[in-house]
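Two complexes are shown next, each including chain A; its partner changes from chain B in the first to chain C in the second.
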Partner chain A sequence: MIKKVVSLYGFVFVLLILLNFFLPRLMPGGPIEYLEGLDSGPVLTEEQKQMMKEYYQLDDSLGEQFLNYIQGMLTFDFGNSFIHKQPVTELVFDHLPYTLWIVGISTVFSLALGILLGLWSGWFHHKHGDRRLMLTMMALGALPEFLVGMILLLIFSVYLGYFPMSGASTPFLNTDSWWGVMVDSIHHATLPIISLTIISVSSTYLLVRNETIQVIASPFIEFARMKGIKHNRLLYRHIFKNALLPIFTLMMIRIGALFTGAIFIEALFSYPGIGKLLKEAVLSRDYPLMHGLFFVFSALILFFNALADYLYPKLDPRVKGGTKVAKDL
Partner chain B sequence: MQKIYKLPAIIIVLFLIVAFIGPAFVPYDPFSYDAAAYLEPSAEHWLGTSQLGQDIFSQLIYGTRTSLLIGISIAACSTFLVVVLGLLAGYFSLADKVINGVANILLVLPDLLLILLIVAFTGGGIEQLIIILSLLSWPAYMRIVRSVVLTLKERDFVKASQSFGGNHFYILRAHILPHLRPIVKTKFILTCKSAILTEAGLAFLGLGDPNVVSWGSMLNVAFSQPTIFLDSSWVWIVLPPVILLAVLTLSLTFLLEEKQPSKVRMKKVEIHPIQGAEKDLSVHQVNISFDKKAIVNDVSFQVKRGEIVSLIGPSGSGKTTMARAMYGLLPAGVWSGDIQYDGHSVKNQDFANRHYWKTCAFIYQDARSAFNPLLKLKEQFLEVGVTMEQAIQAVEEVSLSKDILDKFPHECSGGMLSRALIALAFINKPDFIIADEPTSALDPILKKEIVQLLVEKVRAYNVSLLFITHDLDVAYAISDRVLSIENQHVEEEKLCHA
Partner chain C sequence: MKKVLYLLLAAVMVLTAACSPSSENATSTDSSGKKVVRIGWQNSGFPSPFTFDTQGPGGFLRNSFLFDTLTWKDDTGVIPWLATSWEVSSNNLEYTFTLVKDVKFHDGKPLTADDVVFSYDYFKKHSFQWNVDMTKVASVQKVSDTQVKITLAEPYAPFITEIAGKLPIIPKHIWSSVEKPLEYKDNKALIGSGPFTLKNYDSTTGNYQFAKNENYFKGKVTVDEVQYIAVENRMLSLQNNEIDGGMTFNYTEAKKVESLGYKNLKSKPTGSAVRVVFNLNHEQLKDKRLRQAIAYALDRAAIAEKITGNSEVMVGSAGVIPPDSDWYNANVKKYDYNVDQANKILDELGYTKNANGIRDGLKLSVTVNATSQEAELMKSMLAKVGIDLKIQTVDAATFSSAMAEGNFDMTITGHIGLSGDPDFLRLWFSGKAGNSLAGKGVFNNEKFQELANQQLTKLDEKERKEVINQMQDILAEELPTLVLYHRPFYYLYNAKVFDGWFNTAGGIADGIPLTDNKAAFVDYK
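Right, the complex of A and B next:
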């Protein structure tokens, strides 16, 4: 099992890395001429052209270029960013914490909210509240990240003025206490976190609701009811535990998806995480930075998805014991 | 209420009309910047102008066309790929290997990253986007089509067609394709939605096609000028594309949603005392029917204290339904009559709270499915309100070791679980026990043991037992009376004690 997962995801990772290497080089005329002829791209200065030439080592043979590329990847050395004039690795490590923080918090929030609402909804299946909640959740799940973020931004920042529109902290903040700094950064992160939570909550909710409805219909829940067990106990000890088995897999997939969502949300709120960095790198064709960020994003997303695939069959204790019981009978 | 489910379809038709003929009626070229920048809405410019002096209303209409064009073309290409590749993979096992292998890889590829990568190096024209998204979005639904084809292939009408010499193309088109319609419809709508959103997202990031107007690119331009948020100009610059995108997305999402069938109204419950049955389990004029199909008709009988009564009948005769009705598990809508334990009706709202596992207990059909697989037996014993000592005593009385309480159900054999279930049923010394085919999942030797154990306990505690079984030998061997259920009626069998 683990071999299969590793080989599939490993293959895809290598594929992405190869694409990253060959795409710019296979463009007619190479990256520089390509960029020059592009009306949406930036205008290149002589200095930038020189940097690109150096970066791509276009004078070397393709084989040498490829070896250098692989070597850089293995040593996490992606060169210097054109626009930031800083090593890419340094930039990534500067901006990564912002993304990890909003993605992490919204993972926790969306899981907690999705699980609670899903259980509640499944428990009250066939009542009006359940249907209404489900339609609302389907609607939220249908909207894309940037649209959800934009609606929140328009309402809470622009119209009501409760939250700052952009950034991760107030420039020239007039406070010395760590408390003031923390409040300020939470204030800035609130809308990005709420946006990511909203997009993510609906899939958790729908899964938990579905599982809950299935578990409630199973014989052991009927038998537990026959035992006259109190509602709370039935819900929390019997249904909860069984309905939450598949959540872990979903959580891993959601984390992967949240990193993608963070690209849009950070761009929208000008939040200085690696998502915004990626958007800027792509827009200004800052190739070294793009290389580095693609590497980080692919690695993160593929890692969490692979973990989900690998762990999926291992979570149910019955899978382990099933064969043993079969032998007994 | 019914009408609201047609709303998404109506909205989408409106969008299609606007996209199709709208641009012909628009007053300005969306790219012309003859007007002044940031004009407020007026008779000439219904939604004002953007920072470049472009008419926002005209841009919105052209943007509608762009979005729908992209959505529909990608959905069409992708659905075409789904059907063709799905048919090939399902029908020809050689093609299956290749197609499925590619699908596995594509499913794992992070779509958005790949699109960003390609757009960064190729510029991001609309044609490129259509090709990339079409190529990336077929695997999930291809698998569904493939599995449908794999099942259909084995069905008689396809086999027959093959044996009459129908060629592959004919069979695929005439016999298999028509079954794929619902899948194709869902796939088309979902892909249309996600394609529209992907384009809008990329354009919002500034990676759209610079030669076309789209809602996403309008938002990109608007958000690159934060000054519009200082006065109210965002209301006509940002709000319209946001609202249109949201409405279109939601309409596409709910296009597939249908009205749920209306629910059965709860009947008001009336309870009358049953004459002369204050100390027994009484079934009084019970009728049960599901979907107007009668299961049992006008059934009345009693089980007296300390009596073992068997209810026998062929499978499908309604024995288990009867057992569930007697335990008050059937919803009020499907049965009439009354069932009372010592004069307490199961129709009472609080019957479950007051009597389950106190006055009456139930032995479930299959012990393995009765226990929660994720909780230790100990927990499933203690939750009926007994102490640990009582639980240990109960399992030891059915000759199990007390270690079983620390095990999960999957760690126990079927026989152990059956014994545990009996121990559990008697643990609170109830007056009545209903056993619903407790032996049907057991092998003959085990069955004898379990039945003996059950009878022993019933006699020891002076419990009334209603024993439901299809096994006549067991029924006649242990019962004081045998009731037989057949043709929707219950009759008492004559017993001759040998």
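Right, the complex of A and C next:
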């Protein structure tokens, strides 16, 4: 089983590494064209351009560039970012914690909320509360992430002024207490976290609700009810446990999706995570930075998918497949 | 399960506790009794002379806070800075600068003629990023400890502003051992002689904290700290008291913020242009009469008013140089909105209208970088004279490679720096500058090229202006480009925090129409 997972994901990963090199270069224009394409950028002379090309090794042949790239991949050294003029690895590690922090917290929130609401909604199936909740959730799920973020930003930052407009902390905050620093970062992260939670809660909710309704219909629940088990125990112990499996898979997929959702949210709130970095890298055709970031994104997503694939049979032995089960018999 | 609920509740409480309005931020910086000015601008990179960002003028300006140049500009024009005076030889090739005595770098070491000579030589090897054409400099010699002679390879009239006023003087004792300046990011790379030192730069968020240089040679620095904060929306952040000043193009927005009690400084001269670039190799557009017809068909005053929300915005000069520049030719040909004239020319060219009023033979497209309201307005205006205009929207890099390859009919671009030295006309249209926005389709007009080279040799301003006037006449007649309007920038700021802002004559350095001039913070007059 492990061997299978490894070989499958290994193959996908090699494919990704190849795409990662060629896709950015298939995009029209390059880093120098980007600099020139800016409204108020500098006027470059031919000599300056030549120097830049040499420095960034853009005048190397595609083959040489590819070899450099592969070499870099193996040593986790992606080179220097063109626009940030800083090693890519350093850049990614500087920005990654911000994304992990907002994505992590909002994953927890959206799962907790989605599961709770889904269970209740399924329990009260066919009653008014359920319908209303479901319609709200479906509407929320249909909203694009930047719109959710924009509405929150308008209401809470622009009109009410409760939250800062952008950034991850108050610049040059004059405080030494860790409490002050923490309150400040929570203050800045609140709106991005709420936006990310809102956009991902509905899919969890819908799935949990569906599962709950199915599980409730099964005979063992009817039996449990007849035994006179209390309604709370029934809901959280019996129904929830049996609905957990698909939720687990979803959770893994959701985490991947949240990272991509963070790209929009971070750009909107000027939050210095890797999503914002990626947006800048793509627009400016910063090849080394794109390599580094796509590598991180695909590694993260693949890791969570692989984890799901690996753990799933342990949670539910039924999916191990016919031969294995037959052997065990 | 109740536990989960309590946890959630606790989380909500922590969040709301953190939600207290941000008013405390403003006082926290003031509480120490320091005078701090916070300005909104995006991340402009590590501000050493070799690593600052060249996407926009922010990087150059941040760098100018740390390093000084031989000459500088303020509201009166070019002023002496590191040099007290300079003399030009009769053949216009030798500039002898006398330096200010007892200037010290931030690390306490003296700035001498050796550092100036070293800087010029170093920048000949490793190019400065903000467009300084070092091929114009032949050699630099030390005459005495306080005198330097710079010899040019050929007469270069804008030398004082375009090289001496832009090239930072860097300390020899630091950079002489640096082989790869682009990778040198040590704090020593920021040691200059400027009015500020960089106390803090957060590369992840792009915020800068500049602290005043207590021993500045040119005069007392009047503020303790200048911060540049990378906010997403400057006008909203200004009202939210996250910054004390910020720039916007948007007139309506500027007026609104002004009405809330903030001061508004409009850039003057405007120094910018939004313009249409024609592909001069295009089968149909290579005929100048078609370009003129398009100029007549566009109500540029209406475009300017609709987009900026301001009826006083200057309509684009056909000679490119804005009307409020000292170099503007007042007699340059104007293309007032005239549909009949446009129709007449188009008919003469043989593009006849079909039954629907559309000229079948004339299908043009305009390529724009990001959504462009100008293009939308052009489309509807050109439709009135029967021209079918297609709009293609692409991103910056695609845009500029399309221009470099000549894969366009027309494009719309924006520029700043037009009120500075008029040598940009030569750079734009000679094909020498690599900036593809300036039009890769080289403007092959012999007379223009001749004049463009001639103006470089005229050090007498009157004579030079005469030549520049002729260049504008040719541009207006041939229309390789059509300027739609010259938009002013508005700097909105809280005057209670700092009120010393001014407009630099002709724009900072090579014509940057912003207010971030370090001279505003120095008491030197």
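The rule is short, and it goes like this: the second predicted complex is superposed on the first by the 258 of 329 C-alpha atoms of A that agree within 3 Å, B and C clash if a C-alpha of one lies under 4 Å from a C-alpha of the other, contacts with A are read in each partner's own complex, and residues count from 1 in each chain.
The working rule: contacts are C-beta pairs under 8 Å (C-beta built on N, C-alpha and C of every residue); 3 or more make two chains touch, one makes a residue touch a chain.
Here the structure is a predicted model, which means the values were calculated and not measured.
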First (chain B), second (chain C), both or neither touched by A:311: neither
First (chain B), second (chain C), both or neither touched by A:24: first
First (chain B), second (chain C), both or neither touched by A:183: second
Chain B versus chain C as contact partner of A:62, first or second or both or neither: neither
Which of chain B and chain C A:47 touches, first, second, both or neither: second
Partner chain in contact with A:226 - chain B first, chain C second, else both or neither: first
Touched partner set for A:174, first chain B, second chain C, both or neither: second
Partner chain in contact with A:285 - chain B first, chain C second, else both or neither: both
First, second, both or neither for A:166, with chain B first and chain C second: both
Overlap of chain C and chain B interfaces on chain A (superposed complexes): 27, 31, 34, 38-41, 157-158, 165-166, 268, 283, 285
Chain A contact footprint on chain C (complex, rising order): 1, 4, 8, 11, 14-15, 17-19, 21-22, 25, 28-29, 31-32, 38, 45-46, 51, 53-57, 127, 129-131, 133, 135, 182-183, 185, 200, 202-207, 209, 227, 229-233, 236-237, 240, 242, 369, 394-404, 413-417, 424, 427-428, 432-438
Residue ranges of chain A touching chain B (in the complex, touch as defined): 8-9, 11-12, 15-16, 19-20, 23-24, 27, 31, 34, 38-41, 126, 131, 135, 138-139, 142-147, 150-151, 154, 157-158, 165-166, 218-229, 233, 237-238, 241-242, 256, 260, 263-264, 267-268, 278-279, 282-283, 285, 290, 294, 297-298, 301-302, 305, 317-318, 321-322, 324-325, 328-329
Chain B residues within the chain A interface of the complex: 104-105, 108-110, 112-114, 116-124, 193, 197, 200-201, 204-207, 210, 219, 223, 226, 229, 234, 238-239, 242, 245-246, 249-250, 252-254, 257, 260, 263, 327, 329, 352-353, 355-358, 361-362, 364-366, 369-375, 379-380, 383-384, 408, 410-414, 424
Of all residues in chain A, those that touch chain C in their complex: 27-31, 33-49, 51, 55, 80, 83-86, 94-95, 98, 109, 112-113, 116, 157-158, 161-175, 183-184, 186-187, 190, 232, 236, 268-270, 272, 283-285
